[in-house]
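Look at the two complexes coming up: chain A is in both, with chain B in one and chain C in the other.
What follows is the complex of A and B.
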């Protein structure tokens, strides 16, 4: 149970195992996913490490695998998704796979290039075929020289234009579009057959060069019909042959690829594992005899046994005689932070980690992130894009509760218990109103001082429904919501400071920091809460009721001159006392801890002075380092004090965003009611029902997009900000590093 | 009198949720999380309700109603 409140206790463990069993052992540890390997060779560069060649080989194999996968996908061959063989990758597998992959790659490349050449030939033959087909239609011109070829369709107009410019009509150009046959469309580009008839060889040579420039392919065409016919038959035979060859090539390619595809997943996972294992081995140390590998790992204390079992299992599998040695060592280094999470809590934990990974064994604020869901929107806020279905569900529940307390459902109230306010006592003979009063003015205020108007008992659950139909509803609600925000805010912050107490017990300096912080906050802002509650609970006349804001400001300025500024009799001395106490807390917070540390260091320095009197060097160095660290400590403490004290004020004001959001949301929903739905509901003619249907559609769309989605995101964001800044800066440092164990499952999920 | 009834009921309810139910959560890996959630929920919701009811206990001013509303309420509410 303790595990979610602070991170797990970790231990540093040394592992010794034989080189032969290294692969199996690390493989077992990878499957377990509970250890993080420490880098024992931090000084070495990547290419100086021992197993760098093997890692490179694995990367090369991954490249080949990617190439294979590309080819498989291009040919629309399905890759079977499941693979159950979990064989352990051993070093000789590396060589085996490597040679296999190389061979496959070569084969595939060869097949691909062959296929491309064949296709090209095929296209050419088809073009000649078309050319010959249409040639007969062209040949009745007296020009005896010609150039025949095929050009891309879109280039043809430019080709023609240039021909005209060059030769000024001294030629005859005929062209026809190649209409592709159905199944033989190897070439998706549209092409035209053309023939240029000219007189003279020079012109022909120039035209040839022009065709080269336009990337048109030229084909020799015989002059007489008989030769052409023969050529055609020739070409047709060749086309048939080529078609057959192409088909065979394709089939062969497909067989190879299917065979490869069947193993693709298995190979990929094997190569991945091997790369991870070699990478891990690079982090370890190998002793001189090359027979022993030393590794240092961080692992949770509670999982030490499973680690040991996994190692024994691994060494047994490799058939080695000696079992690996597990040796726990003490260390001063900071371990990584590991928070064990379930699928429910992982959402909250990742929210906290996004702000900063907690320090080792610092208290985990993810728990209080649940508090985030007791946010303050009204009834309509539910939908959200956060991954974590329970966050949405909880937020919805709390939104409904909040809506019930604000008594605001689509800007209408429920009157379940009967309002505490009644109008009748305001009339004669009980109260001041007559029927004429009603005729004279449009709005009238109910006076709580007239007996019977206010029943004396507040509405039992939430805001009284009469406020919803009052025109001065905002006067009441604003005051109520602002005070509510401040009360919630101070309570939240006090909770945060109290949580910091738990961190201190870990580190033992409670009195130096916690007590002055708490007293400062309580004496100023705790007193503010007291004033609010006192003013609510005590009966007073509205003319003589002092404003709490003015009271607070005058308290800080020691200004007691204006009349009517007391809520209770002994207010003046109490307030003076509280402000003085708060001011005294500041130097306590600022100086107590650094001075104590300074005294402790001076004692240490004295001791070290006695110890290394002979070493002039050593003393000087210790003195210098003492100076530097003291300045650091003073500055740090100064920053902390300023941050805390000023933060108290600004953070309290920051909580007023709860009021602001609530007001904005209430006003939005009122606008949607008054100006969208009510308009349609008030229509009295027969077409009103149609108008209502249309209007309701608009109302629904606006409600969902603006009120649910936009305001929901906004509420989440502001609640998160209040958590991250105002709450967490009271106790959370968040400067740890995350525990990243070697885990094959995690690697596979990250793919 | 009519103030203390809701006070007692709601306090008892959230006190039950936050103080009694945690003892009955079965032992398991999620026990701490669930208990924390219950206590947080109880405290927050109770505080919210308490603020709502206290702020209306001694009102300094009353609602301002339009003539039509006054006329309606005079006849239809007690």
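What follows is the complex of A and C.
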């Protein structure tokens, strides 16, 4: 259960295993996914590491795999679905796979290049065919000076323009678009056949050059009709032949690719594991004799046994004679932070990690994440299923709860238990009202002092429904919600400070930090809550009731002269005492800790002087660094004190956002009710039903988009802020680093 | 062209500016260069580049790793990014980006002309053109025999036609003529681009004008220095100087009169920024004049990222990326030729 509130207890472990069993061992650990390898060669650049060649080889294999996959996908061959291989990649596999891949790649490349040349030939022949087909139509009279060719469709206009510019129209240009053949859709580029008739060889040479530049292919074309016909039949037979060859090639390629596709997943996972293993080995040290590999790992203490078992299992598989040695070592280094999550807690944990990964063994705030969701008002259900579905689910539950408390659903109240207020007793003969009063006055005031008006028992759950129709509903609820926000805020912050206690017990300075902080907050803001609750509990005339705001301000100013600030009898001495205590806490917080450290440091100085006498240089160095850090401690403590004291005030004010949100939400739902749905409900004619259907649609859409989605999001954001800033800064440092174990499962998920 | 004030800038160009700033974060840093310079083989470089934004740029395909392959891939990379920016852009950014491509078009035209003069095949020349400056009529450039023909037959439809007003002549094209055409086109181009940026106003003007002024002055200096020993006269030279730089008009007049390197240096002495460039480098440094101009350019371009809501970042990003490609190629060349002593002559950017 301890790990629920804190990150796991980690330990640094040294592993020794034989070079031969390294693969199997790391493979096992990778499957286990609970071990983070420490880099034992930090200063070394990537390409100077030991297994860099092997990593490169793996990368090369990955490249070939990508190439294969591309080819397979391009040819629309299905890749067999997810395949998890349990085979262990051993070094000889690398050689095996490598040669296999190389062969496959070469083969495929050869096929591809063959196919490409064949296709190119084929297109050329098709183009000649087209050219011959249309040539006769272009020819007015026998002419033997021409350039004929095929050019890309979109280049033709530019080509034509330049011809005009260069030869000033002294040529005849004919062109026709090639109609693409259905079956030969492998070359989807639109092309034009053109023939330019010109005079003079020089100009023809220029046109040839131009054609080169425009990537137009020129074809010789016989200028007598018979030769053309013969050429055409010739071309046609060659086209048929080529078509056959192309088909064969295509079939062969497909079989090769299908065979490759079947193994693709297995190979990919194998290579990936292989690369991970070599990458991990790069982090380890190798013994001079090359026989032993030394690794340092972080792993959770509770999983030490399974790590050991995995290692033994791995070395047994490799048939190694020596079983690996696991050696737990003491260390000063900060271990990584590891919080186990389930699908329910992972959403909350990622919210916390987004702010900062906790220090090692720091109390985990995720557990308390949901208590800030309490703040969300009004009855609503959100049934979206996204990643943070549990967060949304909890938010929905709390929303419903607060909705019930405020007795507010679509700005209407439920009168389940019957209101505690009754109007009837206000009338004659018990009360002052007569029928005339009803006619004459716009506002009527229910007086709880008249017997029978207020039953004496409050409404059993939530706000009394009569407030929903009261004209001072808003000011009542505002004051109520505002005070609730402050109470909840202070409680939330106190909870945060209390959580810091748990961190301090580990760090042993409760008296210097925790106690003054708690006293400071309790004596000011705890007292504020007391005032609020006290005022709620005693009956007072509304005219003479003191304003808590003024009362609190005057308390800080020691001003007791103004009237109407007295709530109870011994108020003045109590308040003066509390303010003085709170002010005293500031120097305590500010100086006690640094001064204590200073004293310790002085003792140390004396000791180190002794050491210096014995010419112990290392200690002198340590002593200098200690002196430097003293100034740091003073500054740090100063900042912390200022931040805490001012923070208490501003954070309390910040919790008023709960009230503001609730107010905005309630008003919006009231507006939607009154301006949209009620309009239709008031229509009494037969068309009312139609109008109702229309307005209800609008009402429903607006409710979902504004009240549920938008307001839900804003409530979440505000809760997040309150949690991150106001709550977490009381106890959470969040400057740790995350535990990133070698895990094959995670690697697969990342893809 | 609308004077772009802040609130409206993001409506049209906000996304792309964000994109380009994100891309800028991927520009190699000093520590990257430091690591690259330690490599012993191109394979090592590839491995290191994998950990940068280039990722698997060099791993795709199984051709042998050569410097020219790296060069090709880097150019392709720049081209992809630029095309992405260009195809998402709206005016005036699209016009601005087009202006950037014109300088490559000019270079391509001149290269094709000189190639044709040397009887090279067009098919062989085309792959060597800068991909950013590709245009349809490019292939026909080799056919023209005089600048007038070049203009009226081929380039009249291209955006370069605008810059041609001074370069039209009936003289036969030769290599010297091609160079002169290049510089004349470039002069007109720079002046037009400068005017465009000035009319854009706001931060675009503040950022781009100094960069283009520097570019103009650099060309003026380089033209002068390169013309020594050729038959290009002072008058001929002054027709090639772009007039939008800070040297205009006094400095250019002095440059036209200069007859050797010392005199050019004397001109530069009047301008503190250029004095620094022309000053003798400290002993041991093997930086050429060109390198020092590049350094200055990099500095100006990095400044562009300090301000927001302007078009200059797009220009600067492209130029910095080109410098980065030059740096990588330089290091790669040094690595393959085992010239470790010169490897540190790259120009770090950030």
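Note that in this section the second predicted complex is superposed on the first by the 644 of 751 C-alpha atoms of A that agree within 3 Å, B and C clash if a C-alpha of one lies under 4 Å from a C-alpha of the other, contacts with A are read in each partner's own complex, and residues count from 1 in each chain.
Convention: contacts are C-beta pairs under 8 Å (C-beta built on N, C-alpha and C of every residue); 3 or more make two chains touch, one makes a residue touch a chain.
Predicted, not measured: the structure shown is a model, and the values here were computed from it.
Applying the stated contact rule after C-alpha superposition, one finds that A:461 touches chain B and leaves chain C untouched. Set side by side, chain B and chain C differ in how many residues of chain A they touch, and the one touching more is B.
In the superposed pair of complexes, A:243 makes contact with neither chain B nor chain C. In the superposed model, A:165 makes contact with chain C only, not with chain B.
In the superposition on chain A, contact of A:446 is made with chain B only, not with chain C. When the two structures are aligned on the shared chain, A:209 is found in touch with chain C, with no touch to chain B.
In the superposition on chain A, A:488 makes contact with chain B only, while chain C stays out of contact range. When both complexes are overlaid on chain A, the residue A:469 reaches chain B alone and has no touch with chain C. Looking at the shared chain after the overlay, A:59 reaches chain C, while chain B stays out of its contact range.
No residue of chain A lies in contact with both chain B in one complex and chain C in the other.
Across the complex, chain A meets chain B through its residues 1-5, 342, 344-345, 367-368, 370-371, 374, 398, 401-402, 405, 418-424, 427, 438, 441-448, 453-464, 466-467, 469-473, 475-476, 479-480, 483-484, 487-488, 491, 533, 536-540, 542, 545.
Against chain A, the residues of chain C that register as touching in their complex are 35, 38-39, 43-44, 47-48, 51, 59-60, 62, 121-123, 126, 136-143, 152-154, 156-157. Across the complex, chain A meets chain C through its residues 45-47, 52, 56, 59-60, 63-64, 105, 155, 158, 161-162, 165-166, 206, 209-210, 212-215. Within the complex formed with chain A, the residues of chain B that make contact are 1-3, 5-6, 10, 29-33, 36-37, 40-41, 44-45, 47-49, 51-67, 69-71, 73-74, 77-78.
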